[in-house]
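Once you scroll down, you'll see the structures, which are given as structure tokens.
What follows is a pair of complexes built around chain A, which joins chain B in one and chain C in the other.
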Partner chain A sequence: MNTENQNAIGEDPYGLENVKKQFDQVFGNTADLAVVSVNVGQYKGLLCYLTTMTNTDFIIDHVLNDLALSEQKEPMGKEETFHLLETIHYAVLKHETLQSMDTVMDKIVLGKAAIFIDGFQKVLVLEVRTLNSRSIEEPSTQNVVRGPKEGFTESADTNMSLIRRRFNNVNLRFERFELGYKTHTAVYIAYLNGDVDEHILKQVRDKLNNSHIDSLFDSAKIEELLHSKNKGVILFPTVYNSERPDAICSHMINRRIAVLVDGSPFVLIVPSLFSDFFKSPEDEYQWSLIGAFARCLRYFAFILSLIVPALYIAVTSYHQELVPTILLTSIAAQREGIPFPASIEILLMEITFEILREAGTRMPRLVGPTISIVGALVLGEAAVQAGVVSNINVIVVSMTAISGFVAPIYTFGSKVRFFRFGMIIMASVIGLYGLVLGCCLLMVQLTRIESFGVPYVSLFSRWDKRRTT
Partner chain B sequence: MVPSKTNAVDMFAMQLVFLLSTSIIFGTPSVVPDSWLVGIIAFFPACLFIVIYGAMLSSQKNLGLYPLLEKAWGKVVGRGFVLIYATYFLYIAARNIRDMIELIMSALLRMSPVPVLTTLFVLIIAYATLGGIQAIARFASLVLCIVLAMLFMLAVLLMFSSSIILEQMLPFLSKGIGPVVQSAFQHSIWFPYGEIIVFLVFQQELGGAKGFRRVTLYAFLSACFILSITDLIQVWTLGIEGKKYSSFALLDAARLINIANIITRMDAVIALIIIFGTLLKCSVFLFACAEGLTHIFKGQQGKYNFPLALLAGAFSILVTRNSAEHMIEGLKYVIYTLHIPLQLVVPLLTLLLLRIRYRKGEST
Partner chain C sequence: MRFMRIAGVIMLCCSLTIACTGCWDQTELNRSSLVTGMALEPGDHMKYKVTFEVVNALETDPNKGGKGGTPTAVFSKEGNSIAEATQKINENLERMILISHIRVIIIDERLARKGINQFIDVLQRNRYIREDVLVLVGKGSKASDFLKTVYARGQYAGYKIQLQVETYRKVYGGIPRSHLYDVAQALLTEGRVLLLGAISITGDVEKSESLDAIKTVYPAAVVRMAGAAVFRGDKLIGFLSNEHTRMVMLASDYVNNTLFAIPGPDVNPSNPGAIAVQFYHMHSHMHVKMDGNTPKVRVVVEGDGKITSIDENIKLSTIQGFEKVEAMTRDYVNEQMLKTVSYVQKKFGVDVFGFGQHYYRYHFRKFKPFAQNWDSYFVKAEVKVDSNFTLRRPDLKTQKVMKDGIGP
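Let's look at the complex of A and B:
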């Protein structure tokens, strides 16, 4: 690009007119490009930056004021003036010197300002990026009663500082990657050097370097990238995400790698194991027995949310002998006059619930209460009273639904639903045998998964408790 | 440091579940009154297998079964033996599937079409084998926990429903020790203990002769202990005669559970536990069989798993006409025509040949 211009104009490519032309060529007439003529020492200069990546106050305070100071100095050569700028005036700002024009445009896009001196080959690039972002707030997911209330924000800089201030440790490392060939989004990985497994680190770096995505607006896309795909379809998440710095840091202590994406408040953790998705940061902040109890409860709820509807169908339609007689008569009495078999009844209510849930999360907040009224009263009460579904059915479905939300990580709970429907179908076709086959399939899948070479489920070997020396 | 080797506990779990899975439901064949004693006596000769197989492994730097056979017998005969073993493993897998389907048909679903039940089951087996032996081992440790918890629950519940009557095991040794020892040698050492030969196939991934000897010994001990306990529970609850004429004795024992009319009919639950065990056992056999075929035909790993699984499923239906024939075949013909030659004679000869062809010091 540069050489072409040089030939076309046939003049000094670092002359200010030429620089201006080049900027016009590359950026077109974008409204937020500021190309300002300034005086640098006794020479003419040019200051270029994007107004959208910084604010005017910052430019005036930190860039233009210092430039004005340089004018009062006695005459000196371009080289000396440049040196003076670099070492005295802008020593505090993060800056770098470029020997040619090649990469200046890319730097400006990242929120830097470039200072040119007429006819001088070196370019001074200053970090002037000041962006407005959401202040640190309490996270909206993974709430805790006891524990820190800070949450990550959309700015990766803030997020990194949230991690750094928890680790006053020289071994904490951040590595920068750029992903998305259209957006050039900054992605950082954070880890504790020495603790982390070099082999896994290399895999993460390779995956990030070899990605071919065009854009990146949320860490979910990276999650997809890091999710292990080597052994068929995997319905369990192998990447943990959290909005809570304390959760991320406690995982990093356990030899994990954190992945931060600029623009996403959800920070990822790899490798993640099955048990990670049942841990809440709060477990560690209270008496250990209560934490353990809560964790067991979550596992139990997970199993309940998977099998309860299928078990209900299997038992009531195939294996009535398993139910205590009194309960059986009670169920039979309720189901008297219900037009559908148990499986259709359950499917009906499950799908209704799914629709309600989807509507509840997507609809504008103002109409929120409507949904709960319609859902609870019309679909619950009225369906039972009208004799479309039985009472026990409503109990089964609502118990399943509530258990499904116990998992601390929302994405985990949402994937369980697929299995639940599979189980329901299996149980309706071949009863308990189908249910057990479904469980077998689930267990086989769970034990087959590896997250970056670490077994996803392993009862007798704890990967994260083993330390490398 | 990626954990590539299966850890010892997972491997132990795999072998233990493997030994328990089908034998726990059929129990020791009740041809003699004191069948629980048979299991204990069979343990001692069964340890001979550990010695033979361990020696085979250590003689050739922990090569798997298939390369060992080729080394001992030469390319052509060795390959023939590999094929025979692969078929043998497939046949046992088919038999185990049949065992389980018989149980499901008699305990849970009487009307469902057998091919549907079998097909679904073998598909899951194939899926399990695709993950490799380490995934199977991790699956085994999950299954082991479930099986042990269930057995423990069964014992406690039987105790609470006061179904356990210790006097039922009398008369003790009414016909002397002779028939007991004979039964041990006729049945119990070949099944389940001798079937451990299948683990020779995966020794490269599982840690060689030393690990094999130790882990298998522990697995044998635990299996012997658990099998004897369940045999005893069956005798204590059903009585000697009752156990003799029941085809699924543990199931019949579980049927006796009744606690305040709320916890009843636990037999269905016990039947479900068997599915887990059989799944594991069949995956191990199928994986071994697929390894054999890849060894000979040099195909891509995992290419044979689904076809072989379907084949095993089809075999399981076609192999015998009815349940009685299936039992007789298992107790009589399979032992003499398959188990004894392939578990004892061929390994012994192989070991001998290996010792002769590759003397100590000049191996390979």
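Let's look at the complex of A and C:
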């Protein structure tokens, strides 16, 4: 939409013919544009909308019917007719009055309908957007046994309503941003006004406003955007994501900011701390000790999944004196006749497992069972039988794998998997020393990280405000 | 660019893993063998003969069961020092040995009589030998024979001996604590001599070397606990029987659980009805003072226990019955303790109890003049034993199951 187009149009840019021409120029011959001639009172008018972004039934019921009613009114001027439409007929629908053609076009793209009156300078834009979207279902990640079963959907409107329903509070704010210069995707931030740290809020707003991305199809990209300017961040996620409204709301209560992206069921929370990634919403819904126990278990599993294979390698190939004798003889008996050194063996199995996992996620559902058969029987059983890998190795790898899945947030678990390989390499080159060194490096990095000015490893959700301002 | 650098680092790490593993002190488990026992004896041609018990790991795995071979193989090597003999073990053995899992070190009686100080250093200096490894003296047989007695459980001899020593000490107390650090402790301390556990073999060792031996119900040869080996300085001077050892250990507060069989009240030489009392939570402490040149020692032994068996009926339904048994136990233990003390004083003349150590610890300045010749004072020591036993329960039955009898 540029000035050239408008110059090419004749004297009255609001004449119906000219409006049609303009639509043709801007939208080309896109199949989903409906430009319908209607009568508005005694005048000719145009109703324009995108069929893909609106619901035809809704337009017939609520827009066209009312237009028909306006025809029966006694004759009046254009201004009065317009006023009548605005205040009587469409008073209930969310509407606005616009004068610039450019803005009208933009609104139509968002799924609104525009009513033109021949030659009249005001355009009535009506909110008629109804999208077909997935209904609210139980979330597929972060399952709980006890607790709400609702999950976010791809529609930001639904997601906002899910949040609003949980906060019957005037302080809940949604702020709209538009990101992606090609897609104009709606991004909302939600927070409790007054509770939230203004400084952090400003940082988030700045980051969203100053983004230069062309497209946005999932909140992961926003996550990266928010994540990227934090201090020392490559190691662990500093942005929490969840498909569960209850989890998001419980974070918002703790003065966090939620970021919703239209088209993504994963809502983000900033700032997020290390401990957040070990919390499941379910912890709060059951007896506190059980929740605390589960959380401790998750920390333990995190450490296990990080160091077990490395520890196994370090101990069996460098520090045999650390293993109890009986266990060592048992391990030695299994390692008897295995062609590879322990480190290669572990790497082999770890990589095999990663491939298996990757295949399992990407595979079409129908062929899914094949993976478990091949994985469990061929790789587990047969590899041991054939003497390629030892039993203890399979135990170590599977223990690690299972511990890795304990993390309630998938993105966190996947990062841990990555460091595990680092640990394995360190341990296989310089033994326990390498493992300790790796852990130290990780620890140093971990303490360096800040999520929007909040130290990442601070264990409490209510951080010291003085630090951040 | 940055991505390329990271990729480069990852590639480098991967290639390091493949290229460098096995470079330094890495030892793959399937290229090395565990040593679980070590026996030291005088060599035929050289100064020492060192025997290692090397585990054949595959045969010890109960699930795979192995191929019916022996769980261990015993290799001997001679050398002028223990370290030399150890290094030469690979003349016979194809794998590196991992000596960090040695369970027992058995010293031959002949070698111990010459003094252990000359070779103990190699054991203490080596960082792979644990400080809590058992150091035992093999009594009556060659030290290597102890590692050759295989046993039906399918475990290696070293492990069996270690477990046996620990268990025996726990339930009876008839063998002293003899870890490697106890050796160092006893050699360094004042007023106490070194006591090491002694083991001996009953049965035919030659038959026991074969795997057929473990297929019989009655093992051809078994290693048995044989009390304590008494050292003067670093030289072996003799052995204490299990019973004497128990009393020595009891006095030094190393016995926790034991059982006394007390001659019954009606001592009849042909049928000495006995009362067995088992004690747990035993404790003892001693008080030492010098009366001129005579050490006066008071040993106090305490314990809680139960009656395990009574041969003759004693009325236990009243408290007097218990008090009677307690008094009998006291007398018995006091008597046994005094017997042991006088036996040690006469036979060995060295302070195995640690009376001198106690005096040294509590009255350092007073002990100083006696430090040089403590053992000569120990021989003259007057020992008084006070024991205090409490019987907590008679176990399941109060009275012995016996018909009261009716009629006149």
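FYI, the second predicted complex is superposed on the first by the 443 of 469 C-alpha atoms of A that agree within 3 Å, B and C clash if a C-alpha of one lies under 4 Å from a C-alpha of the other, contacts with A are read in each partner's own complex, and residues count from 1 in each chain.
Just so it is clear, a residue touches a chain if its C-beta (ideal position, glycine included) is under 8 Å from a C-beta of that chain, and two chains touch if they have at least 3 such contacts.
Predicted, not measured: the structure shown is a model, and the values here were computed from it.
> Determine, for the superposed arrangement built on chain A, whether chain B and chain C clash or fit.
Chain B/chain C on chain A - fit side by side.
> Using the touch definition from the top, say if A:Tyr318 reaches chain B (first), chain C (second), both or neither.
It touches chain B and chain C both.
> Determine, under the contact definition given at the top, whether A:Gln385 touches first (chain B), second (chain C), both, or neither.
neither
> For A:Thr447, is the partner it touches chain B (first), chain C (second), both, or none of the two (neither)?
In the superposition, A:Thr447 touches chain B alone.
> With the two complexes superposed on chain A, say which partner A:Ser140 touches: chain B (first), chain C (second), both, or neither.
Neither: A:Ser140 stays clear of chain B and chain C.
> May I ask you to decide whether A:Gly337 touches chain B, chain C, both, or neither, giving the answer as first, second, both or neither?
In the superposed model, A:Gly337 contacts chain C only, not chain B.
> With chain A as the corner point, what is the angle to chain B and chain C based on their C-alpha centres after superposing, as a multiple of 10 degrees?
40
> Using the touch definition from the top, say if A:Asn168 reaches chain B (first), chain C (second), both or neither.
Neither partner.
> Determine, under the contact definition given at the top, whether A:Thr361 touches first (chain B), second (chain C), both, or neither.
Neither: A:Thr361 stays clear of chain B and chain C.
> Please work out whether A:Asn210 is in contact with chain B alone, chain C alone, both, or neither, and reply first, second, both or neither.
Neither partner.
> Return first, second, both or neither, reflecting whether A:Val436 touches chain B, chain C, both chains, or no partner chain.
first
> Look at the superposition and give the distance in whole angstrom between the closest pair of CA atoms, one from chain B and one from chain C.
It comes out at 6 Å between the closest C-alpha atoms.
> Common interface residues of chain A with chain B and chain C?
Residues 318, 321, 325-326, 430-431, which sit in both footprints.
> For the complex, which residues does chain A have touching chain B?
197, 199-200, 231-232, 318-319, 321-322, 324-326, 430-434, 436-437, 440-441, 443-448, 453-455, 457-461, 463, 468
> Residues of chain B touching chain A in their complex?
Going through chain B, the ones touching chain A are 1-3, 7, 9-10, 13, 104, 108-109, 112, 116-117, 120-121, 124, 127-128, 130-131, 134-136, 138-139, 141-143, 145, 261-265, 268-269, 272, 275-276, 279.
> Looking at the complex, which residues from chain C come into contact with chain A?
13-14, 16-18, 20-22, 24-30, 32, 34, 36, 55, 57-61, 64, 98, 100-101, 103, 128, 130, 159
> Which residues of chain A touch chain C in their complex?
Result: residues 316-318, 320-321, 325-326, 328-338, 341-344, 347, 422, 424-425, 428-431 of chain A touch chain C.
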